[in-house]
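Dropping the structures in below, format is structure tokens.
What follows is a pair of complexes built around subunit A, which joins subunit B in one and subunit C in the other.
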Partner chain A sequence: MGFYIVQFLTGLSSASALFLVASGLSIIFGVTRIVNFTHGSFYMLGAFIAYSLVGVLDGFFGFWISVILSAMAVGLIAVLMEMLILRRIYQAPELFQLVATFGPILIIQDLALDIWGPEDLFGASAPGMDGAITIMGTPMPEYDLALIALSAVVLGGLWLLFNKTRWGTLVRAATEDRDMISALGVNQKWLFTGVFFLGSFLAALGGAAQVPKGGASLIMDFEILAPIFVVVVIGGMGSIPGAFMAALLISELNVFGILVWPESTLVLMFLVMAVVLILRPWGLFGKPEAPGQHGQVGAPEQPYRPLSRKANTLFAAVLGLLLVLPVFASDFSLVLVMDMVVLSLFAASIHFLMGPGGMVSFGHAAYFGGGAYAVALITSHFELPMEVAFFMGPLGACALALLFGWFCVRRSGVYLAMLTLAFAQVAWSVVFQWGELTGGDDGIIGIWPSPWLGSKAAYYYFTLFFGVGGIMVLRRTLFTPFGYAMRACRDSALRSASIGIDVNRQQWLAFAFSGALAGLAGSLFVYSKGSIFPDEMSLARSFDGLIMVLLGGVKTLAGPVAGASAFTWLDDVISRLDYWRVILGSLIILIVLAFPQGIAGFFRERFGVWFGQETDT
Partner chain B sequence: MTDMGLAVRSLEKSFGGVIAVNNLNFDLPVGQLLALIGPNGAGKSTSFNILNGQLKPTSGTVKFKGVELVGLSPKEIWRHGVGRTFQITATYASMTVCENVQMALLSYHRRLYSLLPIAARLYREEALALLEHVGMVDQENRPCSVLAYGDLKRVELAVALANNPTLLLMDEPTAGMAPKERIELMALTNKIVNERGISVLFTEHDMDVVFTHADRIIVLDRGTLVAEGTPEEVRNDEHVRRIYLGSHHA
Partner chain C sequence: MKRLEIIKFGAIALFGGLIGFPASAADTITIGDMNAYTRLAAIAGPYKKGLDLGIKEINAAGGVLGKKLVIVSRDTQGKPGVAIKIAEEMISRDGAVMLVGTTFSHVGIALSGFAKQNKVVYLASGPLADAISWSKGNAYTFRLRSNVYMLASMLVDEAVKKNAKRWATIAPNFAYGKEAVSAFKKVLKARQPDVEFVAEQWPAAFKIEAGAEVQAIENAKPDAIFNATFGSDLAKFAREGRLRGLFKDRYVTSLLTGEPEYIEPLKGDAPENWYVTGYPWYDIDTADHNPFQEAYNKEYNDYPRLNSVIGYTTAYSVKAAIEKAGSTDSEKLRQAMEGLKLKSPLGPIVFREIDNQSTLGMFVGWTKLKDGKGIMIEGSYRDGANFTPTDEEVRKMRPAD
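Take a look at the complex of A and B:
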């Protein structure tokens, strides 16, 4: 009996960090409608700063003062970011806001690396709470109890704040009805900034309080994102009780699941999320989002026209250049160009879904990496020839996208994006943790193409064929009835339903189609590198894809190719520099703020009429 | 009870505590133009949304040509020949006028999953014929995003006609239009009804339009049917006068 009680309390204590961080995210989202990806970094920073402060301030009180101080410090850093970056883009399309919050992640990673070094830091136990008490014969760490108390205090504090203070009432009003804020006569700017402080404070508090148990490390930022997204999705966006219940549910499942079936915890998380979403599509405590347009924001796209003569010529010229490249280029540059082609296909598959499809996928690496893993697994377990195994990439990715997409397309906008991310992270964790099958962190190596493709040049042509071919298929599909119907669902779901289009089904198949082509890119990738590691399925990879699309421009069909090529080249150049993350992060922020239309969009604006691609109205 | 028309019985819809439609009963025989009027928030759009399957009623039945529509999806209801236009126009902003109509035709001809042909080349003639009908042929190649509001309403009408509907639901077809345009659009609707022998249920705040064009009128107030009859009867109804006197709906 005592064992089960302790087990339950352990679950409660590990729910504490999840709840703190997730409720912070939820509060910020509720008011500003921004899903702040930097949230994970604030959690990490909270841990690092607390680690340093605890070294200076001694004793029981010193410890808790350090925790509070570091949360305050991070809150201030967050305010700085809000005022410098986010204030300029509250009116911008969702995607820009999301990507803008990705820039600071990179900058913070480099700064943390610089200040605290690359090693994981182990926190000393909390003074005065390093013992254990015994519950019916089973020991229970005191600090776990302290964490439970902390989340109770925060939960109570938030309740008081939102129900008993004027400011809290304003925040609640703003969450329920955004248009009301201006009507209330409050200074909206400072309300947003205040909310941002509070939310980030909670994230850092979660990180700081975690130090005696888990220490501080550089991977904390991404590690926390998946579980908190799952928590927010299950609990319902913007709901604090929802965040609490969901954090509890997930944590308890974890501690008890581990007893029954140790490898099951991630699968359980997935199953719980799936079940909740089937029963309550808006989460346990969430409210249905207003039905409306799917994803498209800002000025509508121009109608599609076939490529003009000049644009066709340009395309042919680029293709011609690519075809003769092996004659004079070094192996090294061939590899770079292959990477460009593969990632262009990956970016094009994201763009297909996100631009014309209006479905922003934050987890497309799941299908890229999923395709690559499908190939690698089939090859290493069944000895299939490359000519067959290659096609397992698109097939496997398509199957995965059918599974995940079924849930995702039932939501729209930010909710859909969060869901894609949560699913992708589950897929990543399965690959990462199911070491017996996937090799875990060591990946799967020795996946090479057949001998006839053995030379760099031969595989280059193979890549060109499937890569450029895939991109052309994606582009052409946009002009077919299938592509039109997908775009119709984005433009107006209401109209589409009333002319007999099954919106969910249309979007589901489009999701799978895009997933299959991301999987094709994964197939090409795995044979060009000879190996595959979980990194290729990670959040960072998904974000790379999004940045490529954004860099190229969302509203042009050539955008993803331009973006992916530029990104790959840039990455190759700056990743050799120190502080490349700072450079890349700043660049992302700069692009979002200064060139929201992207490279291709920029060229189209300047030279579009000359290319005959601009239709005047 | 008409077998071929629309028969609505005991229709109810509540949102939480708000009763938007309360025990609504009416018939719409084939070939008639029936106006559904009432002040803002009377439950007109809600009734439309129930009829085309976008909303599930709390209770009640809707029979169309003898088929029960309650419980069917918008797609299935559309397949039974029900077209609709929206109070706030819903068109595809990133497509041309012609493509908007072609989209409906693609759906009608069950080509939505086709991956080979070029969509803009399919059913173009048919689409142009429909646009001809509503007088939008000359703007066929313009993006819908740049059209005047009145023109958008006409595109919507062409789209709604694409599946040869036998029942057309038009939610405020002339809202936001200049008076001259209103008369033109309703004359057009009248013509289409006569030519094709379809039934139309429409809502409208412009009483001139209603009294000139409707064959029959039903009046809704806070979800409840308060009057029903020919324009003449409704014009003289005590309750209707009370609702509309003082509060002028232009």
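Take a look at the complex of A and C:
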């Protein structure tokens, strides 16, 4: 009996730690609609600063003062970021702020490395709470109980704040309807800044409070991201009690899950999220999103039009240049351009779904990596020749997208995005865990092109053919009845349905089509690298793709290509330097501030009329 | 778009000219090195210091074949795809004659595939995966560190003496952890057939729920525990285990824990009386090690970590290989590496002809707290040559070249 009570309390204590961080993310998202990736970095900073402060301030009170101080400090850093960066781009297209929150992650990582050094810093036990009490003969660490108490205090405090103060009422109102409260004359700017402070304060509090249980390390920022997103989504975006219940659900399932199924540690959380989203589309405590509630800001989108003559000439010129590249460029330049083409195709497939399709995928790496794995598995288990195996990429990815997409398209907005993320993580876990079939994290190696494509130049042309071809097919599809119907579903599901379009089916097929093209990119990728590893299906790869699309510009068709090329090239050039993450992070922020429409969006604004690609409105 | 493309290609040309200029000048030999310099800074940092020290010494003593060795180092970010791209660039643009480095096993495996395809010699200095020397081994890939199987086997001699019947294992949920547990189980069972494994826990790497894992092991009431977690997972496991009384009167044996990289961050929380593999640099007094430690101390005003030894030995392996080959031709280098003998700070090593695995060993000993710091005592060196499977088993595992 004692064992089960202690196991339950252990789960409650990790739920508390998770809740502190996740509640902050939920509050920020609820009000500002920003998917804030920097949240993990604030959590990490909270831990590092608290670690340093605890070394200076002694004793029981010193410890808790350090925790509070570090949370305050991080809150101020977050305010700085909000005022300097995010405030300038609230009018940018949907989700664009996500890219802006990506830059600071890189900068904070390098700063933390520079200030605190490379080694993991393991926190000392909290003074006065370094022992264990015995519950029915089973020991239970005191600090775990303190964490539970802390989260109860925070939960109560937040309830008071949101229900008993004017500011809290405004925040709740903003979560319900942002436009209305701004119409009522509330200064949104400071409301947003305040919310950002509160949310980041909670992130840092969570980071600081877990120092006695873990400490501070440089990988904390990414490790916390997935769990807190899961918690926020399961609980319902913007809901505090929801975040608490979700954290509790996840943690308890985890602590009891490992008793019966020890290998479940990777996949359990995401399975739960997928199941919850299928059964309860808006999470446990969330509310349906009002249509057009988020992101539909700024000027309405320009209709797509076929390329003008000038633009066609430019395209032909670029293509011509790419065709003659092997004549004078080094092997490595070809490798770099191949990477650009492959990632451009991947980004274009995301863009197809996200821009014209109106469905944001946070888990497109599942289809990119899925395609690559389809090729690698077929090749290594059945020894099919490359000429056949290559096409298994798009086919396999298409099948996977049909399966996952069937569930995803029945949701919309950010819940659709989160469901794609959940499925992608489940797919990743399966590949990672199922070592006998997929090689696990040792991957599959030795997948090289046939001898006739053996030379760099030959495979370069092959990549160019399928890569550029794939992008052109994606583009061309937008001007077919299928593409028009898809855009109709995005713009008004209701009207589309009333003129006889089966909206779910239309979106489902679009999802599968986009997945297939991502799989084609995966096929090209696996033969160019000769190997495939679960990394290519991971969250990081999905986010890379998203960032490329947003960096390039969501509202332009050239966006993903520009974004992917720029990102690949920047990454290659800068990663040679010692503090490349600071530089890349700063560059991303600069680009975001200078081109809120994305790179291609900016060029269209400037030169679009000249190219005949812009109406004169 | 147009302007962007122009800027882009202009900049490629520019940066290509500035940074990627070939170092294959007549009087130097370029070696391509890569590691997870940002993701695993605490491991890759000491590795790089050791490597640089070795190269500096070699060049001061006249270089190799009358030429200076030049190292080009790049950050893999821990991603296999990035590593392959860098490898292509090192070969085609920097003129590297061979590749060395990496810590992550999957990155090492990706590079081994690249090495085979492009017929370039790759010395995997840091990765531990058995697959690199066995199930995915190839003629162009050599490996310096003892692999997981060898390390786990080194712990068995002592475990057998304990004659514990009920064992529990805990290891991170990826290939390294799986290989460690399966090797330990296999070798222990062979020596002590009545042993029983009553619990296996697989926390996600770097995301351990330490409290719950400790309770789960405690619940199985084992006599002894085999641990393969490391880094922040180990720290959390050690502390929760101590608080919850898991280690009381239990025999614990643990992989990697005695390496300074892992035991030092634990400070006062370092476990006591665990039998571990590691590197007690403070306790080693041999003719091979002393000059290395002195030189390292003089160069960096710091003591060496295990990965400093790995980096340093990597440099000398490269030197020995090029000298034996008498050329930088890939094929000759590959042949030279087979059966290559040299001295490392830990003792003489040889790259086995049968699987290209070096016999560099490791120390085993007991952990102890001293002045609030974890150390390793009664450390003794285990030569890797004595802890491999039989030749027949190795041949069965290794694919035909």
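In the analysis below, the second predicted complex is superposed on the first by the 519 of 617 C-alpha atoms of A that agree within 3 Å, B and C clash if a C-alpha of one lies under 4 Å from a C-alpha of the other, contacts with A are read in each partner's own complex, and residues count from 1 in each chain.
Simple rule for what comes next: a residue touches a chain if its C-beta (ideal position, glycine included) is under 8 Å from a C-beta of that chain, and two chains touch if they have at least 3 such contacts.
These numbers come from a predicted model, not from an experiment.
Peer 1: If you tally the residues of subunit A touched by each partner, is the higher count for subunit B or for subunit C?
Peer 2: Of subunit B and subunit C, C contacts more residues of subunit A.
Peer 1: Let me test your reading of the model: by the given contact rule, A:Pro139 touches which partner, first (subunit B), second (subunit C), both or neither?
Peer 2: Second partner only, subunit C.
Peer 1: Does subunit B (first) or subunit C (second) touch A:Asp491, or do both, or does neither?
Peer 2: A:Asp491 sits against subunit B, while subunit C stays out of touch.
Peer 1: Considering only the touch criterion stated at the top, classify A:Gly500 as touching first (subunit B), second (subunit C), both, or neither.
Peer 2: After superposition on chain A, A:Gly500 lies in contact with subunit B alone.
Peer 1: Once the structures are superposed on A, label A:Phe533 by its partner contacts, choosing first (subunit B), second (subunit C), both or neither.
Peer 2: second
Peer 1: Using the touch definition from the top, say if A:Trp448 reaches subunit B (first), subunit C (second), both or neither.
Peer 2: second
Peer 1: Okay, in this complex, where on subunit B does subunit A touch?
Peer 2: 52, 54, 73-75, 78-79, 83-84, 86, 90-96, 99, 102-104, 106-108, 111-120, 122, 142-143, 145-146, 159-160, 162-163
Peer 1: Taking the complex as given, what residues does subunit A use to touch subunit C?
Peer 2: 3, 6-7, 10-11, 13-14, 109, 113, 118-122, 124-125, 131-132, 138-141, 144, 213-215, 217-219, 223, 227, 251, 254-255, 258-259, 262-263, 265-266, 314, 317-318, 321, 330-333, 335-336, 339, 432-433, 435, 440-443, 445-446, 448, 525, 529-531, 533, 535-536, 558, 562, 565-566, 569, 572-573, 575-576, 580-581, 599-600, 603, 607
Peer 1: Which of the residues in subunit A end up touching subunit B in this complex?
Peer 2: Subunit A residues touching subunit B: 296, 299-304, 477, 479-485, 487-488, 491-492, 494-495, 497-502, 506, 509, 615, 617.
Peer 1: Across the complex, what residues on subunit C touch subunit A?
Peer 2: Interface residues on the subunit C side: 1-5, 8-9, 11-12, 15-16, 19-20, 38-39, 41-42, 45, 74-75, 77, 79-82, 84-85, 88-89, 92-93, 105-106, 109-110, 112-114, 116-117, 129, 131, 136, 173-175, 178, 199-204, 206-207, 209-213, 215-216, 218-219, 231-232, 235-236, 239-240, 243-245, 261, 264-269.
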